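Order of writing sets the chain letters: A, B and C. Residues in each chain are counted from 1.
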C-alpha cells in the first residue's frame, strides 16, 4: 500500500461519463488499482462517503455556484489534495453546463455553473467529452512516477505533465473558437485534420484542408484545441513516444 | 416511537442522492424518501432555441451511464416532431448501439452491487477489485464484457460514451463489412461470457436473499423475504428498444402521463434522531441535522395512470415475458436475464444490417412545431423524450428519464425493510441520478404536462 | 546541428520491384509497396491515404468528404480515404501538392471502418499529430494502440489548393485536369501533362503560395514516422528510405525479405544523405528564424509559439 499514491474522485455537475471513461481502462483499471492507485474516495465506485486527504484528486463536472454543497465540495477537494486534476470538458471548461441558464424544476435557481478553475487552483487538465481512458491512464501513471518514481522518472513525469499544467494555467474557456483564435488566426494551422477527428460531436469538417467549425454543434469540450499538434507540441517528450508508450504498457502488464 | 435516519450521500450508483428514512423501534422503515440532490443543470430549458441537431448531443451528456438512451430518445423525439422517417439500416445501427450500451451497463451495475453480496458458501463479502480468486476472474470477465459492449457501440455509434455517429435523419456513416464482421465476432464472444456472468450473478443474488441475516458494517441485519416489494405497476415500451409517436401503434400514451411536484410527495422538515456510526463507510448523518426532502429533492414525481410505476429490466420482463418475481431479488435477477437476450438481439440486428444501405433520410423537414415523442428503453428503464421543433429550432424539450420514474416507486419499496438495507433496495433500481434531475412541468399550476402538450 | 534527420536505425536508397506499381507511384513507390505488403501480411488491415475524386465516386463510403458539392470537386484535390487492397492503394498513389487532412480519418478508422491495425501515410506534421494522439490522446480514444504502421513523407512545405491551381493554371499555363504528375526536385516545380508536355517553374515562384503554417515546421524528414521516405538524396525513380522505429524496422525487414524492394546503400548514391541533410538544415534554420520573428512580431506582442 505504501508504494501506491492515494487518489480521490470528486463528482460535481458532470454526467459520470468521465467515470465510465476511467472504468473503460478495462483490465488495465484492475492493474492500476493493484499496483499504483489506492482509491480513497469515489462514491460511484466505492463506499467512502466523504472527501479524504489524498495525493491526487480527479474532479468531474463543473460547480453549480447556487448549490452550497457543490461549492463546499470543490473547496474541500482543493484543501485535501496535493494535486487537483480537472477531468473532462465540464471540469476544465464548463462544457455543456456553459449553456445552463436555470429556470428548471425542482431547483429553478440552479443556473450558474463554473469550471472548477474559476473557484480553485487546478494543477492539471484532461479536456475532452468524454475524456479518454488512455489519457486518464497516462496521467495516473505519470502522477505515480512524479510522486513515487526515481529522479529520472520524476523528470519524465514533470515533462509529460507540463503541457497539461499549462492548459490548466491558461484558462477556463474553450470551444472551436480556440482553434480559430490560437491556431488558425495565428498562422499555425497546417491542415492535418486532427481536430476534426478529435471532436466528439462532429462539429468540425475539413474544407479545402482547413477546419470549419459548426458552432451550433460545438459543446465546448476543448478536445480539438488541446489535441491539435499546433496548440502544444513538446518535442522533447513526444519524440520519445516509443519509449514512453512502451513504459506505460509495461507498467500495466 | 419513529426515528429519522439519513444516509447521505448514497454510494455505488451514478449521481448524488440521499435516503431519508422514518423507522420504527425495530429499525424497520415506515416511510422512505429517496431523493436526488444533484444540481439541476436545466437541460430542458437550455435546449429551447437551439438546433434539433445539437440538443440530442447535449441530452446525451445528461448522463454518461445511459447516454445512448438519451441521445437516441432525443434524436428520435426531434425526428418525430419534424416527421422524418429514417432508413432501415440507420435503425439497425441505432439498435446495435443501444444494445451495446446495455451490455456494458449491466456489467457496470454488477461491479456496483457485488460488494453487497457474499462469495457463495463463505461469509466473505465481495470486493470486486481484490486480486484474489474467484473474484478476480469475475472482475476480468466483467471488464471484458464492458469492453465488448463499448467497442461494438463505438463501431456502430462512432463513440461509446457519448455517441458521435447519430444525427437527425439517421446516422452520419454506415459501417464497413470489416466492421460488421468485427461486431459479429465480439457479439459472439459476449454471448458466451454473458451466459457465464449471468449464471454467476444469479447464484450470488439468490445466496444473498436466501440468508436469514446479512452483515452491514458489523451489524447483523435480518433479511426479509419481501425485501423491496411494492404494489406499484410496471411500465415498459418495448422488449428492448423503444417506441415513438410516429409508430402505427405507439406503446406509450402521453394522455396517461401526469406529474406531481416533490413538494406534494416527500416528507417535510424533520430532524435526524438516529445516528449509526458503524454504517459503512463513515456512518449515517449526525443527530440533530435538519433534513427536508420536500425542499431538497431535485426531481418531480412522474405518474402513469395516476400512480408512480416501476421501469427497468423487471418491468420489461413482466410486460413482455411474463416474468413474475418481485422485490429486489427479482429485479436484480431480471437484469441478469436480459444479458444474453441483449446479445441475441444484437446478433439479429447485425445480421439484418446492409452495409451498403443508405443511412441518412433523403428529406429532413425543418419542423412545424408539432409535438413528437420517443421512448428508449435504457438499461434502467423507459426514457421518454418529448419535443417540438419549429423551423429547425427547438421550441420545447422534456425528458422523462428512468430513474425519475423509479424514485417514487423505490421510496414505496423501502417500506417494511430494515433501514440498513435501504441502499441495497435502491441499488436494485440501478439508479442514474444526474439523469433523473431533468424534467419539468409545463404548467406549474395544475401539474399536468400531458393535456397542455397535446392541444 | 546533427539532429536534423532525427533518429533512424537504417537508411537506404530503394525502389519497388513491382514495375506496374511504379508507373503510378511518385518516386520509388515505397509508400504504396510497403502498405501493399503490410496489407497482404495482415500487419495492417487498412491504410489512410490521400485519394481523389475518381476514387470517391467509386468508393464513397471509404472517404472523408468535405461539404463541397461533389460535382464541383476539382482535379488534384486530395480526399482522405481508407483503402484495403493493392488496387485501391495504387488508385491513391502519387503526390498531391496540397493539403490532405489524413489524420481526420484516424479515429473513424477504428469506428465505422472497424480497423484494428491502421496504416497511415502523411507529412512530418501529420506524423507529429499521430504521435501526439498516442501520447496525449485527449480526443482520440482507443486510437493509439491501433496504429500499426505510420509512413512519413519528406516535406519542405505544402500548399493550399488554390495555390496549386494558380501555379499550374497561371504560371505553368496548363489545365489541372490535363496534368499527369507534379513534382518538386532539382530546385524546380515540375508539371507533366498527359500529352507529354513538361513545364518547370523556379521554386522562387512557389514561395508566395506556400501554406503559412509550414513556416514554423521544424521537421523535414518525418522524424516521428515508423518509416520515412522522400525523393531527395536518391537518383530519379528511387527513394530515400529511413527506418526509424521498432515497428518500422520489423516491417521493413519483412518487406525486404519478401523481395518488395531493391536497394542501394545510401552512401553509394548521388546526391545521397548530404543533400537531405542540407535541405533539412535549410528548412529548420529558415523556420527557426520565422519562430524568432514571431516572438517579436508586434510591439511588445508575440505571436504564439506552439513548441514552448
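In this section, a residue touches a chain if its C-beta (ideal position, glycine included) is under 8 Å from a C-beta of that chain, and two chains touch if they have at least 3 such contacts.
Just so it is clear, the model here is predicted, and its values are computed rather than measured.
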Category of the chain touch graph - line, ring, star, complete, other: complete
Chain closest to the middle [Cα centroid of all protein chains]: A
Winner on C-beta contact pairs when B-C is weighed against A-C: A-C
Rounded Å distance, chain A centre to chain B centre (Cα mean): 26
Rounded Å distance, chain B centre to chain C centre (Cα mean): 48
Rounded Å distance, chain A centre to chain C centre (Cα mean): 32
Numbers and ranges of chain B residues touching at least 2 other chains: 158-159, 164
Residue list for chain C, restricted to those that touch at least two other chains: 108, 141-142
Junction residues of chain A, two or more chains touched: 21, 130, 200
Contacting residues of chain B [partner chain C, same complex]: 151, 154-155, 158-159, 164-165, 173-176, 178-183, 356
Residue ranges of chain A touching chain B (in the complex, touch as defined): 11, 13-21, 23-24, 26-27, 29-30, 33-34, 39, 43-50, 64, 66-67, 69-70, 95-97, 99-107, 110-111, 113, 129-130, 200-202, 216-217, 219
In the complex, chain C residues that touch chain A: 6-7, 64, 66-68, 77-78, 80, 98-108, 122-123, 125-126, 128-129, 131-145, 158, 160-162, 211-218, 223-224, 245-246, 303-304, 306-307
Contact footprint of chain A on chain B as seen in their complex: 8-16, 37-46, 50-51, 53-54, 57-58, 61-65, 67, 108, 111-112, 115, 129, 131, 136, 139-140, 143-144, 146-147, 150, 158-162, 164, 167, 172, 261-263, 280-282, 297-300, 432, 434, 437-441, 444
Parts of chain C lying in touch with chain B, wherever the complex brings them together: 45-46, 61-62, 84, 108, 110-116, 141-142
